[in-house]
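Below, chain A partners chain B and then partners chain C, in two separate complexes.
Take a look at the complex of A and B:
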């Protein structure tokens, strides 16, 4: 036995997973072979529908009733998992294999204290007594760096934040010191700042425990940050597998290359490059092409690619596997993905203002929940938006970023008129804008349109999508009834949807297509201002990229202004000309996108930028982490609101006095007590390539 | 918590007040004249008029209402117009009988309904589930006078296992009354059983599909432990409310069942009183039913709050 084989924990050979359906069996996972060694973190990436989760559930033999493993073998440190009877399997689960699930708020039992949920692992698998198990659970809570484990252990899931719950799941999974750990999108439901802290913790803990880990994610940046090896999955098969360096830097498969090109870069924006896109969509397992399954979407596919399906092979004899015939060409053409544009220099001051929102405030009255509080006579006041001033110039994009709960969506809803602002002034194109949508004229309504995060919730499921797009045309009366149909077709063309889609119902469209319909509908009114509230967050990277390109293109051709709300900083960087950074209902830094993304930054911006998972293993990022979660907008901290979490807090002044605005340039201001020169001296660029000096 | 309970009790008082208005109005609308009913068809108009004055029926309705309400609240529920006996001891004695029957029924159908519901959920869409769902649906659809008669026919007459007639002496102690309670209790249970089973089934299926159940499975806990500690603890929470809401059905079921078996409970007394136009008794029983329904719902809500940490501890 070679040392390499000795340390192999998970050994999967030619695995097939099949779901029985009414029509024909669906081979959802095909021919997957992988090895994961002790202490290795294996990243499994792929878009939705690629079979990642099915594979993970097959590896532990926990498939839904209609799913089964039809071919292949799984060996866990020498144990043939497929040969184990069901009763033995439960002794493997929890003891030798554990799992961390995607949404920690759902994966923790709501009616059992969290400490007990760790302790039961210790009792069942480690044979501990009640007292020993309780001690073990506190130990584990401490391991995952939760403050005050005693108190946390006694609490229930609804009393803890998402980040804390995910730590608890990690603690649970490591209680028995398992040989193999599966993490299924463990940070997807979290804010980018929390994600960064959890990823650091996971990496440190896994080094200590030497567990073999399968880390499933759709986020290439996360893979680059914490994994050792990576497998790229597509439509149920592995396309490429290798070390992080190999896959990210000496890539041998056009699909991986495409995925990498889809991710916006934090040093360029829409006027520098178009994002790479992958045309088409993942084929379902019952409609696979004859030859290479990626060929129909591949930019370099040729006749021969359609003839025979290539299998994963170690083409260079260096444990870098690819399932592409033309791997050599991919290796040569790493640069094909970026189309650089000629940048047009525009004097920003020349561009007139479209939206001028001054000192907007929005307060909500809420009653606290819980039986004991039903009689609290005085409702709490939530200051969701507290004095925000935002200006959007014509034809430009203002990006608003911040953690969830910072008030960015409430602000957008105030501008849209869905919520009536409590105070402040709104001007659109020089004219005063009433707070409520009910008081706005038809002409004004037409000028502001919205695209929401979830197109399923914003498109009527009973209406053909063409009708949804035609409605605003008829309602807002800017098009003759006889021309509506023609105009709808034009709009479909503008958003790159086939004209015959107008008759389809929303459920017949993919997520990306539905969002295109939503965009077409918003453009139907020929608006001046588009409010985009996380319009791409729930979509796959390749779809995100094509939508971002579409939005940039439409902005250019229509001269529309965008108010772009997102927690995805890379997307904001790509689409925005201007960026406002929001925390607890207030803006802390505002300026041109380029300025905001380079020092000096507000310490909060600095932390957000440092948390961005960048899909490049050779990039060095400063490790600045925010601990804890955003304080409640009911009890806003005094002085600088950020002082409770600020990594750069200078002293008492932060706790008592509101910080002043400091102008870095005419278009870039920071609200902080620390003098700009000091900020500049201590801060590094967002990302520096290893070996290069920061400029 | 205390304030919550006080507020709910206040709401119950309000409900009862409203109910009293409705009950009083409805009893006034019942056709026929009480005095006439008491004295019979051939009474002289003078005798009827005298009796009306004696009973206070010639006063304005509003005065009659407030007079009745004040006395009722003070515990003076009046004298039966028909039997000339005091209403309160009579009603309370019958209530006691009904509570015995209801208690035996609840002890039958709640645990059995939960058990069947959980089994059906675990065997979702398989034979056992379809059998349970089908049978419980059938019984829920059959009215008590049908199931009651079938049960009498089979268990009492054909196999002679249990007494067919449950018309016991009203004051019979529980021990002696028990054999007479079984058949009526089964009859009442069959209707509610399916309801509990179906509700338990659907909430259990939801919990079985939840992420935390999967997580508990993946922890390698023994299956029974996953079920008892992780699944049932959550899936049975809504059952508490379901049982309380079912009290309404239960009361309806009791009225019919008691008549079928001649059991001297409050339901049979109610029907008897309606037949005799005994307004005073009808009013007392109706108010009592409203009170029982309201209080059982309050108890369920408090219990739910105590069992559910999300409500107990607030968010």
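Take a look at the complex of A and C:
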């Protein structure tokens, strides 16, 4: 699509945004030039701290009080936004420019019915009467494919799921048929299957409305799936801009290339490839290098790169911009991101078991909320984990993957002993393992350690990080007190942290560094089994990549087994030797990582795989979407638990009878009513490069 | 973040610099500081003895000899206020410390162990909270008699629930944090978790709460003095001075206004200081 000048909706030239701070002004966004045409979805990607959100807010002049636009111009379909007085600006907001936020639960007023919130937009900005506005709101709810708009319109935010709320936000934003729409990470808080449905919807709706869209995200896969053009932002400046094909396939900037290399692939794992990492961290706006801002982290930087800061330029005259002076050399340096390894073949059956968790069940009693609670005789029972059997072999990784609320974390907590399992057997290294931490001996405690999801909460904010790592050594590690300090320094080295960090407090570290400390702390006890509960999901892609490499490396040198819990299929695929797919408290497919990710799949696995956004525009994915939401764990559907959403449901048998386990190979089993041959016949590999397969 | 060695020092400097931007906080700290100096040195530098009577010179307005004037017995009001400041600090201060100590203990236990003990303790606190503090203090002191020790105990006792609740809520939040789970995972004892992992995180909000309780205590002690249940004459109690001054208000308003103004100044000063502490110690709300 090559939009001509007339259809340009948003035209930004050399924009600078500055925050006034106590010390000196911070130039958070510098020299940004972009154009977005009618009907075009412009993806803005970048890691946290790159200035994406500041830029988006500046574009609509909605900055905090200490922020201001210091240079440049913004024109919205011919209107000079910077010249508008505040009163005029309010007529632009909501009518010509709207925004969809990341967290729908916070963006919707909890005490007003959602239909009324859409109707309000119509009344205020379109001047409609009550009745017209109500009709309009129903029409919009229908547009975003919500079932039964009449009933949804009367509900409040807490009565709707995250995916439904996000649809309502999109409906609200499109009510006034705006010229320009900003979407700020609209699907980040959602599960991958819900995300896929919303992305399809956004794509279709925006085609219809011909709105110019700025789509902000940190997820390169999402950009590849729905955007037309993409701008890569780094530390407040655009590094590269072009069409999806150009940026993903012929990229001209080493940062983009690096980012793409950081993303794990669903067809390779840790034994095939080391993920690319970008050393160092994003500079803050007050400590920028003199020359190219990416030079200190760049693999192909040379002396001249530090002399002058290159600006974004259309080097090949094809609307593909780059801010790299060595753009011509980027393509020649593809090798910097691909580090394939020689695969070592091992017979997986030979390796002895470390953890054997058999038929684990965990039930919670919950009281219903509200008035009905007063009249309820018995509390409801949530079957969070319902008969899960998982084995972890020595030195290997078992990945447990599933969407939020599927029970994967509860299972991990039962193994760790934080929650006492309701029933089932736990064996560690052949010995029976008591349910609760209180009943486990010190020697057993040492053998199992955990790395948590949230790096901010996993370290005591009042303890220097060296103390946090040293404590398990003193308590469990059979280390002489005089040697503790030395060991702590060794551990810091092992997780690639400078040894002088030991005296720092957690708040002086970045998220990735905190997570490294947490990993060092877990390894201090020299455990046999490490439970990793979403250890990387709150971090940026480049940080994720380096942590995954670190975990793989530590596993190799220490021979530790991992139980890796995650909702991120690509990360699970990369780190795991074995994978179990969990839905509603039960495992539906289990096997070696390679087998689980190739056909035949369980229909749920198939849907998950087809939903993951892959950062490659040339990959063709089967379009299998799950509709509706996950049933509550209080009322688990009879028969196959997945039948309410299964796209491959075969009939009444799915609703009445529990499906049988079928062995595909020695290492791969699927729990489904559909015979394996039929699954094989109907399923294709989930991601195929275009051209390799006739479409 | 870049420089480890200078980080702590520069943080203090930054806190102090930031103080300048909050004149109310600066005011609070200055006032409390001055009053503290007064409590320590006041009785030594007072121009007159608090009980010296000059019956020829009674109810005189402020002058070069008597900066704040004299009362109905010709006693120097300025000297009486200076001398009385020590009692205010020791009694309200000890009462606050007692409340903080007991409240911290109860809050830690109740928050950490939960269950029946939590229920029992918290309902007991609710009972205490449901009675107006001044009323309860009057009843108790009326029965046992108003000695210094008794006042301290009553003040401490009355403010336990507030402190215990704050501590409990912080403990409830901290104890589910992952670093506490990590400690359990490596088999730490309850006392280690309670005192080494949780307690340090309770201290900042506790300091803020304590300073707030201190301002309430000063007011309560003064109120008791006003009602005649404070320190007994002839000791110069500010509350009592206000009470006595009422009789002469038409004739000599300064007898009432100086001690009343002093109480107000100190209470407001402590409240501003407490606000400032909150801003410095808890920049992101109670538990961050």
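A few notes on this one:
Rule of thumb we're sticking to: the second predicted complex is superposed on the first by the 684 of 695 C-alpha atoms of A that agree within 3 Å, B and C clash if a C-alpha of one lies under 4 Å from a C-alpha of the other, contacts with A are read in each partner's own complex, and residues count from 1 in each chain.
Simple rule for what comes next: a residue touches a chain if its C-beta (ideal position, glycine included) is under 8 Å from a C-beta of that chain, and two chains touch if they have at least 3 such contacts.
As the structure is a prediction and not an experimental result, all values here were calculated from the model.
Contact with chain C, but none with chain B, is seen for A:503 once the two complexes are overlaid on the shared chain.
In the overlay built on the shared chain, the residue A:92 is in contact with chain B alone; chain C does not reach it.
Looking at the shared chain after the overlay, A:131 reaches neither chain B nor chain C.
In the superposition on chain A, A:101 contacts chain B only, with no contact to chain C.
Residue contacts after overlaying the shared chain place A:463 against chain C, while chain B stays out of touching range. Comparing the two interfaces of chain A, the one with chain B and the one with chain C have no residue in common.
Contact residues of chain C toward chain A in the complex are 1-2, 4, 7, 17-18, 177-179, 181-188, 197, 200-201. By the touch criterion stated above, chain B contacts chain A in their complex at residues 1, 3-4, 7, 210-212, 214-223, 225, 229-230, 233-234, 237, 305, 307-315.
The residues of chain A lying in touch with chain C in their complex are 22, 287, 416-418, 437, 440, 442, 445-446, 448-450, 452-454, 457-463, 468, 471-472, 475-476, 500-501, 503-504, 508-510, 518, 521-522, 525. Residues 60, 62, 90-95, 97-99, 101-103, 106-112, 120-121, 124-125, 156, 158-159, 169, 172, 368-375 of chain A touch chain B in their complex.
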